[in-house]
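Multiple structures follow.
After this come two complexes, each holding chain A, first together with chain B and then together with chain C.
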Partner chain A sequence: MRRLRLLIRNELKMVRTALPIHLIAILQPALMYSIMAGVLVHPTFDVNVTRPTNEVGQQLIEAMHEVGSPDGVPYINPVLRGEDDPIGAGVVTIEETDHQVRAVYHYGLIDSNIVKNLRNRLTAAALRLWNDSLDGRAVTIVEHPWLPQDPPYNLYFGMAMLPMTTFLAAALIGGFLTAQEFEFDTIIEYRLSPISPTLVFFARLIRLVLMSWLSASVLLIVVGLFNRVWPASIPAVALILLPIALIGGGIGLSAGLMLRSSLPAFVIGLGSAFGCWILGAAFGLPTGFSSAYEFVSRLVPNSYAVELLFPLYYDTTIADSLRSILALTIFSLAALGLAALAYRRRVLIQQE
Partner chain B sequence: MKRFRILLSTEFKAWRNDPITALGGFIPPSLILIAFGLLLGGRLSFKLAVIDHDQGSYGEVLRETLAEVESPFGVPYYDVLEISEEKTWETYHAYRIDGMWIIPKDFSTRLEAGMNPEIEMYFINYNDDRAKNHRIYSAEILWRFYEKIGQPAPPLALAEEYPRPEMVHWFPVIAVGVTLLAVTLGGAFNVYALTYKEQISGLTLEFGLAPHSLLWVLLPKTLLALAAGIATGSAFLGILYLWLGVWPGMYLWAVWLLFGLVALFWIALALMVGLRARNYMAGAIGAVLGALIVFFVSGGLNLWRWNAHNVNWFSWLFPYIYAVDPLRDMILFNAWPADWKSALSITGAFAVGAVVIGWNFAARKLRRMG
Partner chain C sequence: MESTQLAVRVDSVTRRFGELTAVNELSFAAHPGEIFGLLGPNGAGKTTAINLITGLLKRHGGAIQILGFDPQTQAREVRRRIGLVPQDTNVYADLNGVDNLLHHAALYCDDLADIEKRIEGMLRWMNLWERRADPVRTYSGGMKRRLALARALLHDPQVILFDEPTLGVDVQGKHVLWEHIKAQQAQGKTFIVSTNNMEEADTLCDRLVIIDHGKAIAMDSPERLKAALARDVVTLRTTPNIENPTSLFSGLGLQAATFPQPDQLRLEVTNAESIVGELVARTTAGHRLDAVRITRPTLDDVFLHHTGRALRE
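And then the complex of A and B:
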């Protein structure tokens, strides 16, 4: 035990030899989140409207102000413009013909996602006018949302970034440092060491886990400060992220051991961390996307970690926790097994 | 010229020895492209169950309306599931569907009598964007429902006009963004690959002592990395053609030109970092992760031209944002970008500035080491 302690202390001391790498691995995801959170989806959209000259147009503007969530978040910010102003993303003009008054959306682009958002908002505002004119024949939709309030999208996005952050830090640091042992020939020390290889391996993993927890903590604090929402239990978050750290560490160590060069090991770590992140519920729960995406998301560990993190942030369960724990255990054992095999092949067999 | 040829061939041999790094611009963007393809390339409809207790006919009309109103994605807003009431509740509580509508038994009666008919909408709102979609999609459904059942005409009719006949979907927009990311990473990774071996084997010292201009060292590296960046981007253009059927056609030269200018910026940046003796990998990792951040926040995921006021200051510091929408014009629409001149001059200025500063900085570093 004392030997392991010394090894861990030595591993932690080695942070100083590659401080910039550690700082990047620890801080980069939080920086990325801070920048992305400013430009991610927001329910309020600017809708350009040519200054109306009739009563219906004025009523439409008033209705636009009313479209929003019960929490008070408006969905439309009507921007009044002159007739000769450029269209931009699109502009609504109120046009009168002999028979009817029309709100015509002149789109300046044909991006289906933006068109959908703009169209839906105009319809929602115009429907209010129609409902008012129908009196008792208007259909009312009584809302029963799943959660009492609509949490901001940034909260989900930040929560789903926690596993990616953990994975990235472990894979980057693990891959880079292991590859450097070959590049600077310090691997020979491991080969000649009388200590059990398992202890050396274990000490490095502990260091990777600690670093990835540190990286996740920085992001957790940034997400918390941004959204004013904190997980119900920090130790539970750490426990959920532990297998992710082991998976990232296992992949990083394997890449470093097999490729023996820092840059390719970095490519593998980077590719796997970002691939697993996007496939693993990065932008929304997989059930809300196509069945192909849902299927593939089952093959990456991040989805299971998000399922387990979800109750801590939203106070509601979305999946069978036991299944998620089992999946994460299998993934981490597989990654560790892979790293152990690579270690045996590159360090121990060469020693013999 | 002979010196240049020899150095170029040496660099080329070194480059061939590190295939994974040479593919650094290809592997991560490929994974990102596939992931986004799976995420957004499928059917983007909300899974919805309808429990229809209505004793009249309007409930059935509403159910039909839910299944038929299409979004600009070319698919209905809702995939209406045919499942029993018990199963609906079970599936909703297990979070297997996005929502459910319950039509009460007196819906038709109240509608005919003008007695404020109601529908109950249960929906998943774990983020405000999805909650917003449920609310505004329901407006589209009710609008069509009113038209179908012959309600009195609305006080304000709706119409739309588009600048082009066809709609472009989200995934192709992102795919072009990923292609430019691949160009960026292709250039950066390859210049790192070409300088890393020199760093760890101490060859930079020899460069520093060279009696000739260091341009002979920097030019082959820059050209090879530039070729790698453009080749990576071209490979992605091929993938886009096979996957999405889009191709720049006669504008290919202009696409390559923008690819090259954006790649040159990152290559010069990477050279500055790559030829520093200390903290080489930290610089490399920082630059590559920086390029990824730029992709995510600078128009990689959306058309930004009409949304410029929402672009943050950080994005304007890199050439990516100036090139990505003109590239979309050429690749997705085979159209000449209206802002071509400004795109070319800004990306050109970025490239020239970066190369001048990068080469100078790198040469000074090498000389100092020498």
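And then the complex of A and C:
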């Protein structure tokens, strides 16, 4: 035990050998979340409207103000503009011809997503204003929440980032520092060590898990502060993220050992963490997208971690927990097996 | 000699890298408590030989035994008994001296009780205790080498392999390092030292093997290797220059005569002390003798004798 404690202590001191990498691994996801949640993922959209000259136009502006969003903040922020102002991101004009009043949306964008969002907002405002006159053909939107709680999307986005930040920290730190051992020739210390390599490997994994948990903790706090929602059990979150840390650590260690160069190992760590995040339920539950996406999402571990985290944040089970646990166990064993093989090849056996 | 009585036995060892044979049928043996040198120019195969002895590299032929254990098949037994100071000082530059040794202790020391005290003792002995809390990147080259030696000695190995001990170390640092190696030898440690520095080989090594192109070309103590050349060097500076030294000094045991510089005549003779009087007399009969110097052969001369090239080439 004394040796293991000393090995872990030494591993933790290694933070000093790559401080910027640790800062990136631990703080970058929380920073990224803050920027995206605070600026980008926000339901309120500015909608340009040409200053109305008739009563119907005024009513449309009022209807725009009345349309709400699930988390209470305004859905539309009408911005009044002059007739000759450039279209910019798009503009709604109130046009009256032959006693017919129409709201016309002009746009000149190539960003179909923004076009869609602006069009949806105009439709929502128009429905509010004119639905009564459509009689039996009216469209009414009624929300039937399927979750006991209906927190904002930002919470889901943050929750799905927890596996990503865990993966990222383990993969980046594991890959970069292991590759650095080759670059500085300190790997010789490990190659000639007479003690059990399992102990050395275990100590390094513990370090990576601790760093991953630290990174996830920072993000969990930021997500909690943003949304005022906290998971039902912090130890359960830690337990769910443990296999993700082992998977990220295994991939990072393998990259560092095989590539023996810190920059490529860094890129592999970054790429695999972001790849698994995007494919693994990053922006919504896989069932909400195409069947192809759902299939691919089953091939990355993050999806299963999100399924297990979901009940802790939303108080609702969305998948078979046993299947998710089994999948994460298999992924962990595969990643650790890969790292063990790479360690054996690069460190333990004599160079041919 | 029984291999168990030897600290290191290298027997006809060969190692190839593709087409290049880096170590070619190399053989030597080091006794316990001996400082044994591997002397040769850069690229001679010294570091490869050290890597083969440690077991870092697989050999393609021959046999190696460290205190009776084969590094290829009994790696763990060998690793317990050896310490390595590689050519590139591979310490953690961002950690301090104590942390570097603690890192090594966790990987190598059988007994971790009182490890802090042992580390303190080692750092004090190496005159590094005052700088123990400083990052190693702030150490001088000599301090880093001493730290690397302290690290290699921490787990009390019987055989220490030291690759280019004083590479990049200043003159003062060299002597300090040599003293530490000698002090460890006095405690019964065996050192295998690779070097291309003649002064280091001369000062430090009890015996050495001269390696060129991976092959052993001579092996003995530095004194005996030089004595085996059976010649001294006499350097003369005269006015005017001596035109025909072979005829002027005939009968004096002249082995060779060269002009390393236009005004300098270099004579190789069998025994300079016995003929120096006659040599001066014959010179001054027709020339003014400006300077005369008698030198013993160096290891460079030994290398030159065996390979036709200077060691520093």
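Rule of thumb we're sticking to: the second predicted complex is superposed on the first by the 329 of 352 C-alpha atoms of A that agree within 3 Å, B and C clash if a C-alpha of one lies under 4 Å from a C-alpha of the other, contacts with A are read in each partner's own complex, and residues count from 1 in each chain.
What we mean here is this: contacts are C-beta pairs under 8 Å (C-beta built on N, C-alpha and C of every residue); 3 or more make two chains touch, one makes a residue touch a chain.
Model, not experiment: these values are computed from the prediction.
Taking the superposition as given, does A:Met1 touch the first partner, chain B, the second, chain C, both, or neither?
Touch status of A:Met1: no partner.
After the superposition on A, what does A:Lys13 contact: first (chain B), second (chain C), both or neither?
In the superposition, A:Lys13 touches chain C alone.
Who does A:Val200 touch here: chain B (first), chain C (second), both, or neither?
Only chain C is touched by A:Val200; chain B is not.
In the overlaid three-chain picture, which partner chain does A:Leu322 touch, first (chain B) or second (chain C), both, or neither?
The answer is neither, since A:Leu322 touches no partner chain.
For A:Glu189 in the superposed arrangement: first (chain B), second (chain C), both or neither?
In the superposition, A:Glu189 contacts chain C only.
Return first, second, both or neither, reflecting whether A:Leu263 touches chain B, chain C, both chains, or no partner chain.
Only chain B; A:Leu263 stays clear of chain C.
Is there a shared patch on chain A that both chain B and chain C touch, and which residues make it up?
Touching chain B in the first complex and chain C in the second, residues 184 of chain A appear in both lists.
For a test of understanding, state which residues of chain B touch chain A in their complex under the given definition.
Touching chain A: residues 18, 20-21, 23-24, 27-28, 31-32, 34-36, 38-44, 46-47, 71-74, 95-98, 111, 113-133, 135-140, 142-143, 145-146, 151-164, 166-170, 173, 189, 192-193, 196, 200, 279, 281-286, 288-289, 292-293, 296-297, 302-303, 305-307, 309-312, 314 of chain B.
Flag every residue of chain C that touches chain A in the complex, lowest number first.
My answer: residues 51, 54-58, 72, 75-76, 79-80, 82, 84, 86, 88, 90-95, 99, 102-108, 112, 115, 135.
Which residues of chain A touch chain C in their complex?
The touching residues are 2-3, 6-7, 9-10, 13-14, 16-17, 184-186, 188-195, 200, 350-352.
Where on chain A does chain B make contact in their complex?
18, 20-21, 23-25, 28, 31-32, 35-36, 38-39, 41, 43, 46, 56, 59-60, 67, 69, 73, 75, 88-90, 94, 100-116, 119-124, 126-127, 129-130, 133-147, 150-153, 155-156, 172, 176, 180, 183-184, 259, 261-264, 266-268, 270-272, 274-275, 278-279, 282-285, 287-293, 296, 310, 314, 318-319
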